[in-house]
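Chain nomenclature is as follows: A, B, C and D, assigned in order of appearance, with residue numbering initiated at 1 for each chain independently.
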Amino acid sequence: MTGLAHFAVRRLALGLLQTAAVVVLVFVLTEALPGDAAVALAGDQPDPARVEAIRQAMRLDEPAAQRFADWVLGLLRGDLGTSLVSGRPVSSYLAGGLGPTLLLAGITLALLVPLSLVLGVAAAGREGGPLDRAISTVTVGLYAVPEFALGILLITVVALRGGLLPPTAVGAGGDLLAQPAVLVLPVAVLLARPVCSLSRLVRAGMVEALASDYVRHARRQGLGEARVRYAHALPNALAPAVQQLARTTDWLLCGVIVVEALFVIPGLGTLLVEAVAARDVPVVQGLAVVFGLVTVVVNLAADLVVHRLAPRGEVVA
Amino acid sequence: AAGCSAGSTSGTPEPGTDAAGSPRRGGRLRATFAGGGASETLDPHRTNLFVEAARAKALFDKLADFGSDMSPQPRLAESWEPSTDATRWTVRLREAVFTDGTPLTAADVLHSYRRITDPEGAFRARASLESIDLDASRAVDDRTVEFVLKHPYAEFPNALAAFGAYIVKDGAEDFTEPVGTGPFRFVSFTPGSSMVAARHDAYWDGAPYLDEIEFLVANEETARINALLGGQVEYAHELTPTTARTHEGGGQVTVVRLPRSAMQAFVMKTDRAPFDDPRVREAFFLIADRQQLVDSALAGAGEIGNDLFGKGYQYYADSIPQRTRDLDRARALLREAGAENLTVRLDTSEVAAGFVEAATVFAEQAAEAGVTVEVVMGNKDTYWSDILDSGQLCCYRSGSMPIESHISQRLLTDSTTNASKWQREDFDALYEQAQATLDEAARTDLYARMQRTLHAEGGFLVWGFADWIIATANNVGGVDREAPANSLGWARFDKVWLA
Amino acid sequence: MSAARPPGARPEASPGAQPEALPGTSADAPPPAAAPPRSGASAARVPGAGWRPFLPAVALLAVPLLLALFGPLFAGPPGPRGVAFQPPGDGHWLGTDFTGRDVWREVLLGGRTVVLVAACAVGVAYAAALPVGLAAALTGRRRVEDALLRPLDVLMAIPSLLVLLLVSARLTPGPAALVFLVALVNVPDVARVVRGAAAEIAARPVVEAMRLQGESRWRIAVGYVARSMLRTVAADAGTRLTGALYLVATASFLGVGVAPDASDWAVMVDRNRTGMLIQPWGVVVPALLVTALTVGVNLFFDAALHRRAGRAAAGTRATGSAARRGRPDRKGRGEAGTP
Amino acid sequence: MTTPRGGTGVGPERVGPEPGRSERGEAEPAGPEPGGADRGPVPGASDAGRTGPSSKGTEATEATEAAEATEATEATEDTAATEDTAALGPAPGDDPPVAELDGLRVEVDGKVLVDGVSLRVAAGRALAIVGPSGSGKSTTGLALLGEYPAGAAVGGRVSVQGLPGYVPQHPGAVLNPVRRIGGTLRDTARRHLGPGSRAELRRRVLDAMERASLPEPEALLRRFPHQLSGGQQQRVVLAQALLARPRLIVADEPTTGQDALTRQAVVAEFAAVLRQGIALVLLSHDLAVVRALADEVVVLREGRVVEAGPTERVFGRPQHEWTRRLLAAEPRLEPPKELDDPGTTAPRVPGPRPEAPVADGAPAVPGRGDVPKLAAAGLSAVHRSTRGATAPPAGGDPAGDRGGDGGGTGRRFGGRRPTTALHPVDLALDPGECLALVGRSGSGKTTLARCLAGLHRPHSGAVLLDGRALPPVRRRTPEQLAAVQYVFQDARASFDEYRTVLAQISRTAVRLRGRGAGEAAAEAAEALRGVGLDPVEIGERLPRGLSGGELQRAALARALLARPSVLICDEITSGLDGVTQDGILALLTRLRERTGTALLVISHDLAVVGRLADRIAVLEAGRIVETGPADRVLHEPRHPFTRALLAAGDLPGAAD
């Protein structure tokens, strides 16, 4: 095996450990939260006897360690457990939430990457120039507008006043693709923030790269400006942005909660908030597994890219 | 009725029902509610959220339900008759059919009540039906049930109307495709997202106008109103006063305020310092500037309270004069009680709209009387059980229920959710006496006595009653505009039509 | 394309600008007859020197910073509480907020916490993450790197909202807790971004040379690597600051940090949103201030770094040089032409 | 774009090459050309220099565009203006110049780098600029590309046809660290070939690499710049310049990193390039190369031209005193010393060292009892690399028979094996001794040096200082660090671009010898003066403000400040003119004598080796193939490879 494959395999192995750590940590933290599923379910009728009954029905009276062990054993058998609140399998919860989230994340990423690269590169083209300032001001300005405000603004202007797009995805359920129009505004709101952080990082790297000797030399070859920027300078500017992009998964997985709520898209973010609110530990755990695995894979991918972007790193004695 | 408060009169549009013209058959109404996510069920006995109550109401019926003044109205029960000591109630059932065509029988009722009171199930209505001795109760005939109670209970019909006390088919345990006697027939359900139901043509109360009803879940209030404005739904439940103000009179949608739906209060723990001293409690009653609280915390959408639950409901003591702010007297009382420079902790949380606002406004009002109120934000998921036993002062809210239920659940020594720790034997005795009194006038009198005590030295500083706000598209007709939340007329779609 | 450019656009090419050609062999190397004027050797030294590039940034920053600094002094006593979400007028020239307070007074009061807490949180996040990221990039040993970064990945794998929810339930509220929480959520990100940026720099021969000189790790990390990626760090910090502002607001709902009705711009934006359509000022004004603040900070960083780069180029920018240059120098080295 | 430019009033046809002349300089034909064939007259050749960039259509960038626009116009103006001047280059009326400088003056911060330099070079002609280190050669060369130091005030006129090819003095910095060699070269090729087929592109690239004497081009294509040796990097940049097929190549010290054999090949290639009608501006300290290639020579000193003329004239009858000094100082391999006098060959006391038998991989370790200052035992090294690596050769390759580099060559085993750059090597260095490491470019010299310096983790074996194992650099104590100092081959890459040179140098004294900041600065200034640099003038500048040779000396000063007992010098004189080099060599000799510092010198310059070394180890393909006293190895080489290397030392006297 090559060094890189070794690296990847090793990291995946570590990744399993990490996921395990995530799961344990999440379990401990959720357990440490005040109240439990019974209390949450009782809501404004916290009749102690009833709470106790619910607790028993949910097997919450058993020690946490035992519940955790049961859950892990189930996991090893590929069983994510059942929801405390509804008694339905956790996997059905995840399956329901995953679709919309993946769809939103996929579309957002597909637009995000080229958009932020182009903006970052364009801004770096002439540091301090009007275009640079304009791009910085707009992206940072958008970033500073909280997403709900942006969302409400877009809904009011585009959907309600303009009547161009549906204001929410209510009624679309999990099948968002059937009505692609409902996705436009959520994706726009989702894009606003990461585009800023990414393009700013790209810009920063590009400014340095564009001032370098190798870029100057590439220009001496008479290469087209686009080629110089995108093929020669950009790879040197990309490493931090790639890491930040990896971090965008967090944003897309759960930072979208506001977007999901605003547009009524029942994704994983919503699921998470509800599960935590209901202290539905198995569902939270199931989500932790998913988030853990996704993060491990995404981080690994980012590290591999950065590894490629800093090939000299391997010579360090 | 007590009429509308200052806040809600401001812009109440009245075209409503008229705009939608006369009843018309047909169409699908889409209604959006806040929901409970993927954990929602259709088990009517597990009803917990408004959306679940609304869905259950569409598919099922209770024996009784509450009218606009929270008095029990017969539903599946055609009539009820108490024994003279109020321990034995004979309930006559209506001729009703389930959506699968089978008729309603006494067996269905008994099964439903047994299921609810099963200790394993931990259903919410269990506490209300606790008074029934189900083993002793029996079906007199197919359409007559005789309930035997454990103790005299003059207001037993309240129990029949309890939240979640729905009648399901004998033997029913699985509710993935529920069958009920309700006005609508189940079609499809996606937890956390939508439920569709179609007209039940054989409904005993007359088939609904609508062909279909769809319940859609949107947790964010903005999303609900936006969906309504965007024509994606025709009915949006639970809006904020601010949203109401925004769209009232705009002509795009019709805003409906259901008055006196939610009691707003601060609860003082009467068993501990500083509130174990009635003078301190009274001082706090006098500190509150109720109108300001209503204006600020409820954005004007509500009316002021008089430290008593159930304004406008049956048995409410409206003869007791409205309490007004009196800082001098409050200071004097505090001085008397040796509680000058008092510092109290006020628990609040995001758990209900207006809580945080109310807490901060009250903290300011208290400061004017020299009392320091420390506002503490609690976890909203566990707020209700957190404040049950701990703390000194907390924000409190209650949905509508009969005054009797309020007292039995919260103000008796053995009440399960006695947040004010109001435990007084004389008071308990009054309550028991009332439940043994079948004569309504006498009972009214007893309730007045109880309420006078509470008004003078109780633990509930009831400062207001919030409107419950819904909005509909302008073509929706037949929406009950007086029914408080949880009452019969609320979220009732069988009398609603689309013009 | 050459044909597309009017010749006039290149005054430097006009024959008139040429010095008289040197007669005779250059071997004599006499100074050019008309010695190129040392045109304004120090007139306009550095590209982007002076305060001009800072103008937009400072203009944007001035309002929020002045309000944050001096606002509380002018706030005065709280007036009577009005009805929530009253539009401007009636003594409230920006209307009232969600509890009926005067929005203008809240604006005056609400800058300090925002600026302080967010800045501290970002500072703490960097203080914690920068060494980790740099060490990971510089160590060259996989094990050490894994030991440093994998635990952070674990933290990262827990959605930040969950971290917030979970940790906030256990924290005693207060600004310190808030700073801790916001920093905690940001640390893994910063560490990664730093590591990404430092990866290439840490492998440069200079770093080896510094090691041979016996330079301490700290000095290599901070003195060279961190310095070389200052731009990246500034870009990241600039956006992170904004993120922190709103995280503060989010956290305040969860009961951590500032009170939910605190006079705090970010909290105001969040809490007054319900009234956005009837009383927009409660949202718009603080949001504009936050935007001005963050855009200003970012532009300021940009300008400062640009200026620094200009300084490092350390050259005379002769005003006349462009006209005397053989070829217009847009190709790189000559930043001379860039203002 | 072929639209004649209006407004300048000069017919563009005057710029172009004469019709009928075989012109390889026309840069961009629209499509692929028949390779190597006579290109014949090109219609509209006047615009040839612009065709390429313009053919890119509207996306042609401002920068290139503007640059080219100016070039052409000015060239036209110039021809008239300077026709009568006795500028350098072809006689008036001869071919029009491909490049011309007129009264170039470059000034930074009041310091004049170049003053009044005029020159012209015609197609197929070579012009060399020589002069001491820091005399402004690189500045002049860059001016031909239209580039100047940041913030420079520029006077005079430059006119050049087309984009010149450029071989920079520091190839390391211009190779994109994250792009593979193949990508870099293909980009250049594509740019100048137009959208040709992939195969054609590849053929061109490989051809250029072949011409630049790059071994195993296929494998190199997959490598990153840092995976090449210094000399290989230089040749990659050369290949790039060749690929661009410019009309003019500006080569700044193109042979510094090359061993004698490769240098010969590179010179031959330049000669071929000239024959194709490409003009060459050569900036070099290597007078032999100048002699071999240049038609004319310009001698610079302190930014001014002190003498210029045809090569034979200037070198044969130098007129300016400086020229004479430069020529006199030209390093030459000295005649053999008494071979049988052990005292002169090796200054070690205990008698002559029995020489190890010359064999493949023979150890360079002397068989003796006492502990050497620095020793390497069974030291081998591999380069972990992801791709483009080659497997170690199965057996010892006969030297020179592949015409390629040594280290790391061999068959590719799937291309993903670590490269063995160094097979187990033994060597020892006594106090005060100087061991020279010679060998082909890419044979593993730098790798070995880096292992000794602790910068590269050896695959096997150990490095011993005074008999004690020396850990990698991170774990060395300050004493150990100070004891073994290494001067990097690429001086520019080893300096921090943000701090002044003096500040960086003085850190050695602070960190390794515990001096206070002020004291260290004074010592650093002293060290700079020692290597012939003005501490006030040079020291306060950032590295980018130093010339190649100046930086090399600064790097040496930095190492010397540690007062090392072992100093490893990797090509530290490659950027120095003869005079300066003399000074540095004298300095090193003094150092050895006074402080007993042991030297490990890596150099391609056999003259330098001859002057400094006591012993020589010859490295070939990562193995030491011969080792022995300097004089013996230099004058009686035993291994065929050594013989080949020595034979290649002399270049043919002059360009045809």
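Quick notes on this one:
Basically, a residue touches a chain if its C-beta (ideal position, glycine included) is under 8 Å from a C-beta of that chain, and two chains touch if they have at least 3 such contacts.
Since we're looking at a predicted model, the values are computed, not measured.
Under the contact definition stated at the top, the chains bordering both subunit A and subunit D are C. A count of C-beta contacts for the chain pairs A-B and A-C puts A-C on top. The greatest centre-to-centre gap from subunit C, using C-alpha centroids, is found for B.
Computed centre separation for the pair subunit C/subunit D is 41 angstrom, with centres defined by C-alpha atoms. One inter-chain figure worth recording: subunit B and subunit D are separated by 88 Å, centre to centre, where each centre is the mean of the chain's CA atoms.
Centres computed as Cα averages put subunit A at a distance of 24 Å from subunit C. Residue numbers of subunit D whose C-beta contacts span two or more other chains: 60, 62-64, 145, 147, 177-178, 226, 455, 473-474. The multi-chain contact residues of subunit B, meaning those touching 2 or more other chains, are 222, 379. Within subunit C, the positions touching two or more other chains are listed as 140, 169, 200, 203-204, 228, 277, 331-333. By the document's touch criterion, interfaces exist between A-B, A-C, A-D, B-C, C-D.
Interface residues of subunit A facing subunit C in the complex, by the touch rule stated above, are 7, 10, 14, 17-19, 21-22, 25-26, 29-30, 32-34, 126-128, 132-133, 136-137, 140-141, 143-146, 148-149, 152, 156, 193, 196-197, 200-201, 203-205, 207-208, 211, 215-216, 219-220, 236, 239-244, 246-247, 250, 253-255, 257, 269, 272-273, 276, 284, 288, 291-292, 294-296, 299, 302, 306-307, 309-310, 312-317. If you check the complex, the residues on subunit D that touch subunit C are 1, 3, 5-8, 50, 54, 58, 60, 62-74, 77-78, 81-82, 84-88, 101-105, 107-110, 115-119, 142-143, 145-160, 177-178, 226, 298, 304-309, 453, 455, 473-474, 478, 481-482, 485-486, 488, 490, 493-498, 507-508, 511-512, 542, 545, 555, 558-559, 562.
Residue ranges of subunit A in contact with subunit D, taken from their complex: 2-4, 212-228, 231-232, 235-236, 308-312, 314-315, 317. Put simply, subunit C touches subunit D in their complex at residues 1-3, 5-8, 10, 12-13, 15, 18-19, 21-27, 29-32, 35-36, 38-39, 41, 46, 140, 200, 203-206, 208-216, 223-224, 227-228, 312-318, 320-321, 324-336. By the touch rule above, subunit D contacts subunit A in their complex via residues 27, 52-53, 56, 59-64, 145, 147, 163-164, 166, 168, 170, 173-179, 183-184, 187-188, 191-192, 224, 226-227, 237, 240, 244, 383-386, 416, 450, 454-457, 472-474.
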